[in-house]
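Same chain, two partners: chain A is paired with chain B first, then with chain C.
Right after this comes the complex of A and B.
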């Protein structure tokens, strides 16, 4: 009997919400649409930018280099750049993107090399500009090759072995699983989106079921029914939780599908020569990780639903509830973002902070690391927060100065 | 206005027959046994205080409000006591903000009184709320307990589950409402598409779905047209007659009271000003009556005028041949005045009217008649 009434209320609110366009949009349409838009958008942007940058043959300018025909010839022979005559202010031209980079050869560079004098060759580029970077990289590689070539010649002249100046080689090797690499980069955003969508999905029904009810004046009629106030708030809470979880689950599914599609699309783009050499979406998130993320988000969703419900209940009208909840969104977004930032590492103290801890642990889960002790600790702390929030919501529902605030 | 509100037209007879057929005499067995000989609702020294925040005016006041808050205690209901017997139909009237709705909210268990005792149907409403509300029906005229966007019948089904009404009882009740309230035509219409009158019928049906012995109505006829009002009144009357459903209704429409209630309670500033039979209130406060008379010829007018002014009265011209005179019953009896009028002129027609109840209530609200009501002044002969 006890739970039955809460379930009746839940069923009523659910039926009601399914007929409400605003709830449906925030609960279903937004999470389904946002993911393909995001992933395909990012993919398309990368193909566009990287492809264009690589397609274009950057113009470079060679400054100085008088009486250094050998070095000049080497640079002129460089493929993938177009050498333009040196005229005007090269700095200005780089800033204006008329040329992408400039190289400054000291005068009589050939002679300096022969004499063994160490000169400085300067490359001018516009830091942060992708195309300028490409041009400068090409120039730098070419000059390095020229330098290596010179070393080799010198060693040969002295009849010395070629590896004299290479006492050892350094090699970097990745031990992280393939997910870890991508997880750190893009996968880290998965829990962030899930958390944010959890809040936005719950927000609308939370307002509608409390302040909205007050505004419509139906709160009195509901309070007249033989459903106890605790059951009433439980039924409403279940509805808000459903909205939160529905949004989160749909977001996860939509993300899985659209990432797969975007990945395939980018792979084909790369195969046909468009786009960069690396597929930025070339990673996968295992079912286990998705399940674990959902499991960790569960108590957080309870916490959000109860908190939103309690705050919205305090408001007299829809508008008032919205102005209370908007700052709350920022309070949720900030720790969620902090969790995505590189360098923020999980520790026992951070595990106690509600949203941040979940964001951090989910980032780890997505990148393939399962710290079971932290997962347990965070799940437990989230559950405690959730229970506290729910308790407060139930208590507020018993107070007539909150229900009938004037 | 007639004191006998119920007309026994063919429709009412039909309603009566249907009700008699469907009525389950054992439905209230528990209640009628436990409550026999006792008032159904008894309220003693009921108080409800609200602490409100006093806002200062203007910009400077607004800034002050942010830092120093002044609170005021508003006595919405101030030590009221009354008892209602089973089967009574009581009108509860008062100006806006008098404390009517607050009383109803306490009687329905929504609000907890600040002090006082209340027992309704054997329950303390705010303590045993969930069990208590199963024995009451509530209609708030300005709001609906029906589901706004969904067909009416869905709301009924929901209420059936909430109140734990068996399917058999539910079907029976629906059949009754179909016939008496005529709601079958729009059972599948969403509530938002119903007219106010249709919605009110559905709300009444919803409130009575679990066959409650007590019905609280907060302005049930507000905003309705004459026909819809009449329909609702007839239904309430029939329910009261057949089921002995106890009804407490608040209203601003005196026709509701005159047609439905023998007893009225008047509240203002949270205090009960009057609690008693409607006719007694009229007797106490009906100081003035009016006589309308139609003359046969215009020459009688001046003669009459002279006769009336000898009594200190003045006649008003209503139209060409009709005049009206208002008089104080404590100063001259109706019979004597009529005799004087008849003696003075050639009278074709004569009509004696009471002061409309609205006028009396207006006087009470304005504070003029408070003394007479509460002090129980001797009735004018």
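Right after this comes the complex of A and C.
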């Protein structure tokens, strides 16, 4: 028989699913809303936190420094920090965030400098705390300047040229266009989101069309119709795939729109002096790259749809299916995240791992690099995984012990 | 016409091992007749009927249903069979019309023919009032009518009913019983399973008593009365089944 029956099943499942609130939420509402909420939410939080941390004048403590008036005066003159009287419990105070950092000058530091003895100046800070980091940075910069100043004085005293200690200078120059630098970091998340949403979009229909049918008792009704089980599973599979791809497409569109909004918003925040100096969103991802990402995700969506369908079919009820599929989401999230991590580079072995390989190659594509051999290899391997998953799903639908599991 | 030849079904159960649900069941069911499969719960009625409807595949043996072998050509069998049971639920999010239309399409009917057939069925079964209402919003009686329309839409030669009246109130059960009778009057081959003696006495031309997956006796009610020397169907049933029930169960 032709595929006519598979298409009839598909058409019915589409109508049926579009009337299901749960499927609609996961397929349409979530992908449309998650991007603006995430980008605007996180963006606003970043501007808030970084802006506040930079605005705050941190309290710092200067320890020791007895009989070292010059060094002390230099530190006291430091702008942008507030020096508070020193106490013995500075470590505790930093931990309690009462002060942000402390600097420990050795005693008779001025004399040590005159005598040419090398002393250690310690800066105490709370690693990982943004505000403590800013305070420590300010202290460190000030001390470096003081050190440079001392070197200069010494050279002058010996009537030596200032460039004696600088035999050459090192200069870095970036050849990547500026938009690529941050693009690689942020754009890497694009395939990650598309992959994750592909799974979440497919999950509800996959359950509803299999375990859901068992639970509602419609499975026996459909099995006594003349549709073959292969066509039945094919029609259902097409519906789950539609949901997965619909979720992915909506997510990409929503991401594009909210990205533009966030970019404009960031620019205005910077113009008014809040937020960082550079707009981290000052890059763009071309239509070609988005198209390529979608193309790479296609076999993966087939793979997810077939796998979810097969697992959900095995379950007796909606709840059972959910408890099987929820851990699966983590199994997909982990390799997808690994692909976003900096330093994980594509190689022939990783190209064989589903999800991870797609996440990695899409990251490259988004930053403008097309490794055609890897793209081919990954597309092919994903297609093989997808075909295997679909084959298993079809086989499971032929098994009475799975269809009538009690 | 249904001709079952030594139908067997063996299930693999993790706890109980091999379960022989149906063993060597053979019978013939002719057009214009109602064949009643009478048995207690777990006797193998549902399994037998599911095999006839090609929902389950026989482990051994076969049957010719409407002239097609159900092992060799299950799809042709399905095209000529209407199957109704309490387990064959409706798609709640489809309307009554869409539900019947979906199955008609799967039977390979053309849209114009479907429209005509559904109009005819809906008028006959008095369903036009809730034609476009979603199935999950229908009452039990209305749902039964939709199921009946679903089994009739392709005008099958053979009708299989698996305990169709279980859990239904008197009125809904009456609709079903009337419907089964109508099927016979239209010359269809009808087989139905039940554990309700009165339904069998009222409806069946031919009776098969099944227990432990085996067909213990077969014939018209008159045949069964003659063979057993009992008048009441319940007494006939107990007399046949009793030797197969473990003693302690009977005593308790």
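Just so we're on the same page, the second predicted complex is superposed on the first by the 397 of 406 C-alpha atoms of A that agree within 3 Å, B and C clash if a C-alpha of one lies under 4 Å from a C-alpha of the other, contacts with A are read in each partner's own complex, and residues count from 1 in each chain.
Going forward, a residue touches a chain if its C-beta (ideal position, glycine included) is under 8 Å from a C-beta of that chain, and two chains touch if they have at least 3 such contacts.
Note that this is a predicted model, so its numbers are computed, not measured.
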| item | value |
| --- | --- |
| Clash or fit (per the criteria above) of chain B with chain C on chain A | clash |
| A:5 touches, of chain B and chain C: first, second, both or neither? | both |
| Which of chain B and chain C A:48 touches, first, second, both or neither | neither |
| Partner chain in contact with A:96 - chain B first, chain C second, else both or neither | neither |
| Which of chain B and chain C A:145 touches, first, second, both or neither | neither |
| Which superposed partner A:221 touches (first chain B, second chain C, both, neither) | both |
| Single chain B stretch clashing with chain C - from 73-81, 307-315 or 343-351 | 73-81 |
| Residues of chain A that lie at the interface with chain B and also at the interface with chain C | 5, 8, 12, 15-16, 19-20, 216-218, 220-221, 223-228, 400, 404 |
| Chain A-facing residues of chain B, complex | 50, 52, 105, 108-112, 129-131, 133-134, 136, 138, 140, 142-145, 147-150, 154, 158-159, 161-163 |
| Chain A partner contacts - residues on chain C that touch it in the complex | 11-12, 50, 53-57, 75, 78-79, 81, 83, 85, 87-94, 98, 102-103, 105-108, 150 |
| Touching residues (chain side chain A, partner chain B) in the complex | 5, 8, 12, 15-16, 19-20, 216-218, 220-228, 400, 404, 406 |
| Chain C-touching residues of chain A, taken from the complex the two chains share | 1, 4-5, 8-9, 12, 15-16, 19-20, 216-218, 220-221, 223-228, 400-401, 404 |
